[in-house]
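All remarks here apply to the structure that follows.
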Amino acid sequence: MTLARRAVAEGLGTAMLLAVVVGSGIMGERLAAGNLALALLANSVATGGGLIALILTFGPISGAQFNPLVTLSLAVMRLMPWREVPPYVVAQIIGGVVGVWAAHLMFGETVFQFSVKARPGMALAWSEVVASFGLLMVILSGVRHRAEAVPYAVAAYIVGAYWFTASTSFANPAVTIARSLTNTFAGVRPQDVPTFIVAQFAGAAAATLMFAWLFKAPAIRAQGRDTRSEALKAP
Amino acid sequence: MTLARRAVAEGLGTAMLLAVVVGSGIMGERLAAGNLALALLANSVATGGGLIALILTFGPISGAQFNPLVTLSLAVMRLMPWREVPPYVVAQIIGGVVGVWAAHLMFGETVFQFSVKARPGMALAWSEVVASFGLLMVILSGVRHRAEAVPYAVAAYIVGAYWFTASTSFANPAVTIARSLTNTFAGVRPQDVPTFIVAQFAGAAAATLMFAWLFKAPAIRAQGRDTRSEALKAP
Amino acid sequence: MTLARRAVAEGLGTAMLLAVVVGSGIMGERLAAGNLALALLANSVATGGGLIALILTFGPISGAQFNPLVTLSLAVMRLMPWREVPPYVVAQIIGGVVGVWAAHLMFGETVFQFSVKARPGMALAWSEVVASFGLLMVILSGVRHRAEAVPYAVAAYIVGAYWFTASTSFANPAVTIARSLTNTFAGVRPQDVPTFIVAQFAGAAAATLMFAWLFKAPAIRAQGRDTRSEALKAP
Amino acid sequence: MTLARRAVAEGLGTAMLLAVVVGSGIMGERLAAGNLALALLANSVATGGGLIALILTFGPISGAQFNPLVTLSLAVMRLMPWREVPPYVVAQIIGGVVGVWAAHLMFGETVFQFSVKARPGMALAWSEVVASFGLLMVILSGVRHRAEAVPYAVAAYIVGAYWFTASTSFANPAVTIARSLTNTFAGVRPQDVPTFIVAQFAGAAAATLMFAWLFKAPAIRAQGRDTRSEALKAP
């Protein structure tokens, strides 16, 4: 499949993912009558369901990475060619924003918004480090060992991570940027975005290093091997 | 298996699906003490469970399409013979109605009802476009690439879609018609049905076109090939 | 594996199943502060989780039928020898009762109880017909076509059936008898047991007939074939 | 992979598991507005999601045992060399404690805590016997018969066991020790830890004996066979 087609698929999948995250947040909050646990339960279950479906759907087309951390980590591990990183990341960011707007339209919200929801401080930054570290471990091990199970592993991880991290686990710079553009349940105000993204990269880098050590850095020894096609099929 | 047997299976499966959707809506609303998030959580989890079971059960028999959008899209993609479309669609519509009545009998409700629940407006119509677009992408990609995972992909998608669309994702004309015949949690008043169905067809058409483009319209190039039997086994 | 070992496994698995059903009902009701939807949500999710685990665990040992309807239907379909039906059914009934008592001990309840929870009337009887019909369709089709997915199919079906039937889907005579011996959330008073069991057999018989028709009664034509070992491995 | 690397992976995975258990307990309790059923529902669903992801991730690396009961039982069944038991168990205990502290940091809690939550008495001890018996049956049968499904079986079992046991199913000495170090939702006061651990070993021993009897003690007959590598890949 051509790079253009794969980038479109990547953007489309990321748009659907953000529509799921933001839309189910709006619905959950509207129906939960003020009970935040119920709203987050709906949000997390819906996101998990959406992720299973979207990774199964777009995995065979574009790899269903939906996340610049994943794209970059795969490139570092030489499972993705570097020249494809920019179009993938651009598609993810644009797709995420479009998905937020699509959700707004579904719920009769103003299309263009900025979040005012504060998510500040070291505890939340550390949450994003942990969340991103865990997500990348799940993906790096999964792509290598149990590619067919990656959709379930990632979705299950995120359902858990919505709850076990204080930040509700963004763990994705494209998602973080997009969620700054919605003043609803899933939003984050723009001034907290840079800290989140730095923390996410720190967690992803730690996971990549840990994984490389656990496997004696096989990626570095396999420099000449083009493993792109397998990787794209995998997750 | 003969077409007659497959059409009966398709109707039976759609009847069970509607019994799940409508029955769990009634139970959820009765027990939730006014909390709509809890009622929809029960409704969505029950529908997801039912879909996994029903698609696994009827998939090997009739294809477990349960949805005229899916039947038509597979016919367009030449994965289903056109002459089988009418009996399938008729079976789906009749089955759906029977399933609603079966649910009413289980809960001591009047069998014959019309919904008075209003679901009007452009936001809900757009929701049905998005919901149907996503569902068809999940199915078209799944049938082609990971047929054994389609039951899980579809169920997971619908669990998410109950929450991330403002319409709770009907995404199925047979389901929409049937749900106009129940004045309970899952109902929709008859005058909103036409808009829903038009929106559903728009979303399904967009997905079919998008999928054909992503794969360079392989269906059109494979005109002479009868792929029915594989497709029927798949979803 | 000897019949004695398999019967013990069948009883042990059914005991664990009842401990899950009754125990999670007690816990759900105790914690839910009067909200029955939350209690049933906990009860259904826990039962689904337990069923996945128990069918995966005991399926390769005894078939993990845990249900006289399933044992009898498989015997009718010639997938189980008739002489093994009595020890299986006895083990299921004894196991179920032991499991209820084990749950009572875990929650500091009196061991020996009788339920006073009324579940009377035609709507509930019809619910049990539908619930048992659906369960047997799931199992009969699953054993034949997708044996490795049966644990997930059955668990998903029961999660749905707790909600879409007005009786919360007992669908199992051994479970029904056992649940008459607990005066907690999952109980049913003894005088409603006979109606439930008759309805369950009616639903199971209808499913067996429907399935045999759909497949042109392959079991009847394959009279000489001993398919026990495959069937036992399957679900 | 070297033993050192595998022990690190085992500790890392157990740390992530405790972060999930404790973190989601804190989040659940904070958001649930006093409704304990909602808090436990969040806690159980998050733990189930985390377990699927973590066992899929670390299973191919270290076996993803995360539990001294499992490590010892596999050694008794000769599926794990005895000399590897001490480093595994030490890594699990250290990892568990680190995971609790990581969760405290994510939620702005004091790092070092002791629980004051009382979980005393025979009913809870019996709950831990049942919980551990069931968990070991799931794992021993799963490793032998359906290794690829063990992540789902264990996670599904634990989701159920949070609800069907009065103790919420610790079923793991490393987890029990670690949870004595958090004075939050998932905690247990130190003086109840010894009883829990004794009960856990009793349940695990019973399951190991039961399983050996069901299979005529194949492990004892296969003394000369080094099955470590398969076992490590399995769960």
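Letters are used for the chains, namely A, B, C and D, taken in the order the chains are written, and counting of residues starts over at 1 for each.
By definition in this document, a residue touches a chain if its C-beta (ideal position, glycine included) is under 8 Å from a C-beta of that chain, and two chains touch if they have at least 3 such contacts.
Treat the numbers as computed from the prediction; the structure is a model and nothing was measured.
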Exercise for the section: Would you kindly count the fewest steps from chain A to chain C, each step being a jump to a chain that touches the current one? Expected result: 2
Exercise for the section: Tell me which chain's centre, taken as the mean of its C-alpha atoms, is farthest from chain D. Expected result: B
Problem - Equivalent interface positions on chain B and chain C, same or different at half - result: different
Problem - chain A-chain B separation of Cα centroids, rounded to whole Å - result: 28
Handout entry: chain B and chain D, separation of their C-alpha mean positions in angstrom
Key = 40
Practice task
Two or more other chains in contact with one residue: find those residues in chain B.
Solution key: 35, 38, 41, 45, 48, 152, 155
Completion exercise
All chain pairs satisfying the touch rule are A-B, A-D, B-C, C-D
Completion exercise
Touching chain B in the complex, chain C uses residues 34-38, 40-41, 44-45, 48, 121, 123, 126-127, 130, 134, 137-138, 141-142, 144-146, 149, 152-167, 210, 213-215
Fill in the blank from the handout: Listed in rising order, chain C residues that touch chain D in their complex are 1, 5, 8-9, 12, 16, 19-24, 27-28, 31-33, 35, 38-39, 41-43, 45-54, 56-61, 102-103, 105-108, 148, 151-152, 155
